[in-house]
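Before we start, here is the structure in question, set down as structure tokens.
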Amino acid sequence: MHRAYLKSPAADIQTAIDYLPHAEERLRKEVWQYLQSGSGQGLTSARNRKVFEDVSLMPRPLADVRGGNTRVELFGQSFSHPVILAPLAYQRLFHPDGETASAMAGVAQGGQMVVSSLASQLLETIIEAAGQPLWFQLYWQADRETTLRLVKKALSAGYSAVMFTVDAPVKQAAIALPKDVSAVNLEAPIALADATGASVVFDGWMKQAPGWDDLMWLRDQITVPLIIKGILHPADAEHAVSLGCDAVVVSNHGGRVLDGVPGSLQLLPDISRAISGKAKVLFDSGVRNGQDVFKALALGADAVMVGRPYIWGLASGGALGVAHVIRLMRDELEMTMALSGAKDLTAIRSGTYVYQA
Amino acid sequence: MHRAYLKSPAADIQTAIDYLPHAEERLRKEVWQYLQSGSGQGLTSARNRKVFEDVSLMPRPLADVRGGNTRVELFGQSFSHPVILAPLAYQRLFHPDGETASAMAGVAQGGQMVVSSLASQLLETIIEAAGQPLWFQLYWQADRETTLRLVKKALSAGYSAVMFTVDAPVKQAAIALPKDVSAVNLEAPIALADATGASVVFDGWMKQAPGWDDLMWLRDQITVPLIIKGILHPADAEHAVSLGCDAVVVSNHGGRVLDGVPGSLQLLPDISRAISGKAKVLFDSGVRNGQDVFKALALGADAVMVGRPYIWGLASGGALGVAHVIRLMRDELEMTMALSGAKDLTAIRSGTYVYQA
Amino acid sequence: MHRAYLKSPAADIQTAIDYLPHAEERLRKEVWQYLQSGSGQGLTSARNRKVFEDVSLMPRPLADVRGGNTRVELFGQSFSHPVILAPLAYQRLFHPDGETASAMAGVAQGGQMVVSSLASQLLETIIEAAGQPLWFQLYWQADRETTLRLVKKALSAGYSAVMFTVDAPVKQAAIALPKDVSAVNLEAPIALADATGASVVFDGWMKQAPGWDDLMWLRDQITVPLIIKGILHPADAEHAVSLGCDAVVVSNHGGRVLDGVPGSLQLLPDISRAISGKAKVLFDSGVRNGQDVFKALALGADAVMVGRPYIWGLASGGALGVAHVIRLMRDELEMTMALSGAKDLTAIRSGTYVYQA
Amino acid sequence: MHRAYLKSPAADIQTAIDYLPHAEERLRKEVWQYLQSGSGQGLTSARNRKVFEDVSLMPRPLADVRGGNTRVELFGQSFSHPVILAPLAYQRLFHPDGETASAMAGVAQGGQMVVSSLASQLLETIIEAAGQPLWFQLYWQADRETTLRLVKKALSAGYSAVMFTVDAPVKQAAIALPKDVSAVNLEAPIALADATGASVVFDGWMKQAPGWDDLMWLRDQITVPLIIKGILHPADAEHAVSLGCDAVVVSNHGGRVLDGVPGSLQLLPDISRAISGKAKVLFDSGVRNGQDVFKALALGADAVMVGRPYIWGLASGGALGVAHVIRLMRDELEMTMALSGAKDLTAIRSGTYVYQA
């Protein structure tokens, strides 16, 4: 029997990760594993956390932080805080309200959500619930035509930016979906190119993987901001910006694709140095609380994406849970700023708030 | 049912941390967690210990330590040893005798205690039990006037120094107090500034946080020694001394405020270099035994504050337990000095008693 | 009662190490310990894994990997992939089909197997099952004559290369063999030189250990490729190549001989630099999946040997299990290549696909 | 009920540490803790092991080790191997045969034993059992006269060298001795100087601690080799040699005295460089097997002392157990030499058999 959803934050919740056990006890085991697991031996998942823990903050008491705030402007839109909901697939696996609950919570808290190509609800339905433009996450489809039809569907529905995920051309760690959950915005499932050669990867999946030329083509098809997600190498970040991308998401897909890559935070400073001023730098992978948000901002991010934590909130209490997770992160970010003597995001990025032993 | 207090040191107690299980079994779970917990994920609590463990001592047998002693002079007063009892709040949570027990033990052992703004007994009562001047720890109150009234109350009661804690402007990890325990020396609880803005932190708590100008103001109000507690950045230490502070407590509040800051010991050498000779350097956070005391002295401290360990003693056996904890630390400090060939605190601070691999 | 062999890959198997519990539950405890144990305290076994985990990969999305493949040529023979089955002894301990099952699977998957001097089936039988030339692993015998008879037996049976293991002159971690399992290709067991001196090692075992002069002698006896296995010091690799060896296997015998030596991967780059272009570099010790294969190739190996993982497959499901293990490693290698932007082995070896923090 | 002693090595014993559980199940809990415990938090005990594990050996197969041996000459006496039994106190706590069993085993295996001042059997009895000169370990007694009487007693009994332990002036971790076990060679227990001052350490124990002048005095009293034990600082090693000591034992007393000092192995190279050629360098603390012996020799020791491991053997099987532990260590040392290509101790000390990553 499913445990009732939380109607209000439980007494034991001080920070987002405290939602984890509440989520776990409300989800089927396969769904929980699908949500939590990293690829391979989990080396990258572990590294994502370790690199955050290895960064030290430096308290600066007595500093003047009057008028402090967490506002950020991205692509001409102003947000109350820099915490963006990452595009997680099939959210009706976690709560019957699915993506609409997350979107409503994200917008109500003054932030933004990126809706996945693999959303389990119609793009129109989600944006209607949100009541304002969201961003659309794009997985490359079978070919340029199919891909373009998907992008246009999102733009028609009112999505105001496209975040193109490039680090997962090969599908990973899937899950057998229940009958009432599916990728309702996609055309018929992609038929794999017939792998007549010996290689499942090179003769199969990679035949349908996008290349740099496809990114150039995509840039030409749309006028809204184009964000590229899944970059770790600074040279790739520079390349993407030179081709017209408006932002780069430094991400290793939360450790879910190639196991054994560095923690995303390790590459953030180099990528920020490489493209800062020319494009926005978003950070993704491993963020669990507001201190982590502060650290990513201090190391060069303009905004930060969170994934699993808000799904813990969704699974525990629907929109209410998601909103609470965002609020906790924002409060923690503010407290970290106040104790660090940084009164706004510009200060965080320009100062030296991180201690190097 | 509450377990009886220890009437004399139990046979299994070799060092302060051996009191920990005795304390745990005598305290309610919430009280125990309030005492022991660090903030956030406990990164800083763990670091406070790790940095001590990473420092190596170097034995120097056959050295001449005749006439060895642990005496220290602070602000014109002489103490038998450099172990100072840190200002922990609400000590009647841990033992019915509360702060008076700690103060009696501290003084009987030839040391000093700092009494918290949040003491659960009257300042006069505590100092009467001690039979000699103690130091007073100050939390900033609603405004300068209220703050000054509190300071004057302490000075009138005979407190001989003020230790101003600046690293916890935002209240953390509180506990629901039982009816008979409260901050009896404070005026009515501070009403939070009305948080009409969106930010609980910036529009609420931080509106009442003290700034550097408040420190200057405070310096002008009192003639007794002024100690600033909660400094990690060497520049802040220098700033405080330039404004007339007589001592700086290098502290991260035992890992209870901002999680993810460095272990206090990491910053001690830099701060000592920055202000030594101009002001006293006290150390706080993570000290568990006399070897730790020695290490902090060797890395630049003039004296060392201990917190949780003496509360373990208090909870286990009242004043007797506190006195035993202090005695154990002093004996361990002496043994470490004897085995290291350092005969007094001046020798510890000027020699090279720490091994760098 | 013995558990039935798997008829097809179990649902929980995503990567080779998932076969480990299936193997463990099908083997007698002594056999399992013989297979898994490292020597001494297991320091080297642990290091072999740690050094792989410490290497980070760098994803390069959007790269063009059309025409990608894992082909490799060794000694004039072409293989579909660089995963070679290492010479493990007494394979009928693990499955009734023994070495023939492994050889059939290895060849069916387009790779190669090295058959041990301590094989539990006749060399002819194994090569017949394989249907094509395999490589023969040589342990030094009592003297040159006995050694030569063994080598000639292998060459007559059609083995096309000799891999001479030099790092285990002293027998280690033996096991009491059941009656129906033995080293059927060897002459009567070696009688230890009579240890009349005090030293079992110097006066016993080492009297029959081969020296550099024996390697020179062996080189003169055969015309097929001669591979030396068990080298960690770059100077030894250079020496062996100068004496005419065609390849060097960088190996610490999977941590089974001298405990406390470095992880093999630590020495790979130096050895590759020392002999690359003059001889082939094979890598052995600690490889558990295709990401590991990629890392070894990126650090200088021409091909990679796996040991315990294919025995887990053998013990779980005979030839089918071995074939599946190889296939999994190849698929993982391909996925790693695709996600890293390396389309063939030449690219892996010449590019910079490993991230140095 | 006491478990019967092993009559011959148990089947599960491959190396000395395998005796540990056999010893533990045969000893009273207090005795076991007295044997095994380190001081304080056990930081130094753990470090003693870690530093050995961090040293890597480098195998050199095919090397010529004909005529290999482990012989060593110390103070004109030749031993079959460099493993010396350290002076552990009260050995009748561990086996009724006490020190005589250890001494017989040590001599039978061609090595040497150092008998403690706190031996539980008469010095004459032990040397009689051994049948040849042993070395005598000296703890400083109440004053020079008492000390000299003890030394003369040992020399009269035939002891051929004096090892003066200087790192434990303050008694640590004692144990309540059963009635039939005592320090039978000492005069009445030392009365502590009356600690009328406040300090137990400075006014009590340290008043009776020896100084450098006492070492000079002792050197003048005896003509047999004088070995100083418990040195970690290279300057102290040089000082001791300049005063006429014939050897230095690099030791932290197995982590039993001052917790938090470096692992002894960390200081060995510096001390060896400082005094090699002028005096012998013995190593003590943390040695558990023959690989450790090799590492200590490779880092500069002339011989190596083992403590707890032989007591495990003693507790398990008396003299037989001790002899087996020594034999295992010697066999492991020989195997390590053979696999490393070092044929004697001179080679180990002069070559580069340790791998620095």
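A, B, C and D are the chain letters, set down in written order, and residue numbers restart from 1 in every chain.
Please note the rule applied: a residue touches a chain if its C-beta (ideal position, glycine included) is under 8 Å from a C-beta of that chain, and two chains touch if they have at least 3 such contacts.
This structure is a prediction, so every number in the text was calculated from the model and none was measured.
Any chain touching subunit C that also touches subunit D would appear here, but none does. Chain centres computed from CA atoms place A at the largest separation from subunit D.
Residue numbering shows that subunit B and subunit D use the same positions for less than half of their mutual interface.
Taking the mean of the C-alpha atoms as each chain's centre, subunit B and subunit C sit 60 Å apart. Distance between chain centres (mean CA atoms), subunit A to subunit C: 42 Å.
Residues of subunit C found to touch two or more other chains are absent. Judged by the touch criterion defined above, the protein chains form a single closed ring in which each chain touches exactly two others.
Taken together, the chains touch in the following pairs: A-B, A-C, B-D, C-D.
Residues 40-41, 43, 166-167, 169-170, 198-202, 205-207, 209-212, 214-215, 230-233, 236, 252, 257-262, 266 of subunit C are the ones touching subunit D in the complex. Listed in rising order, the residues of subunit A touching subunit B in the complex are 15, 17, 53, 55-70, 80, 110, 289, 291, 295, 331, 334-340, 343, 355, 357.
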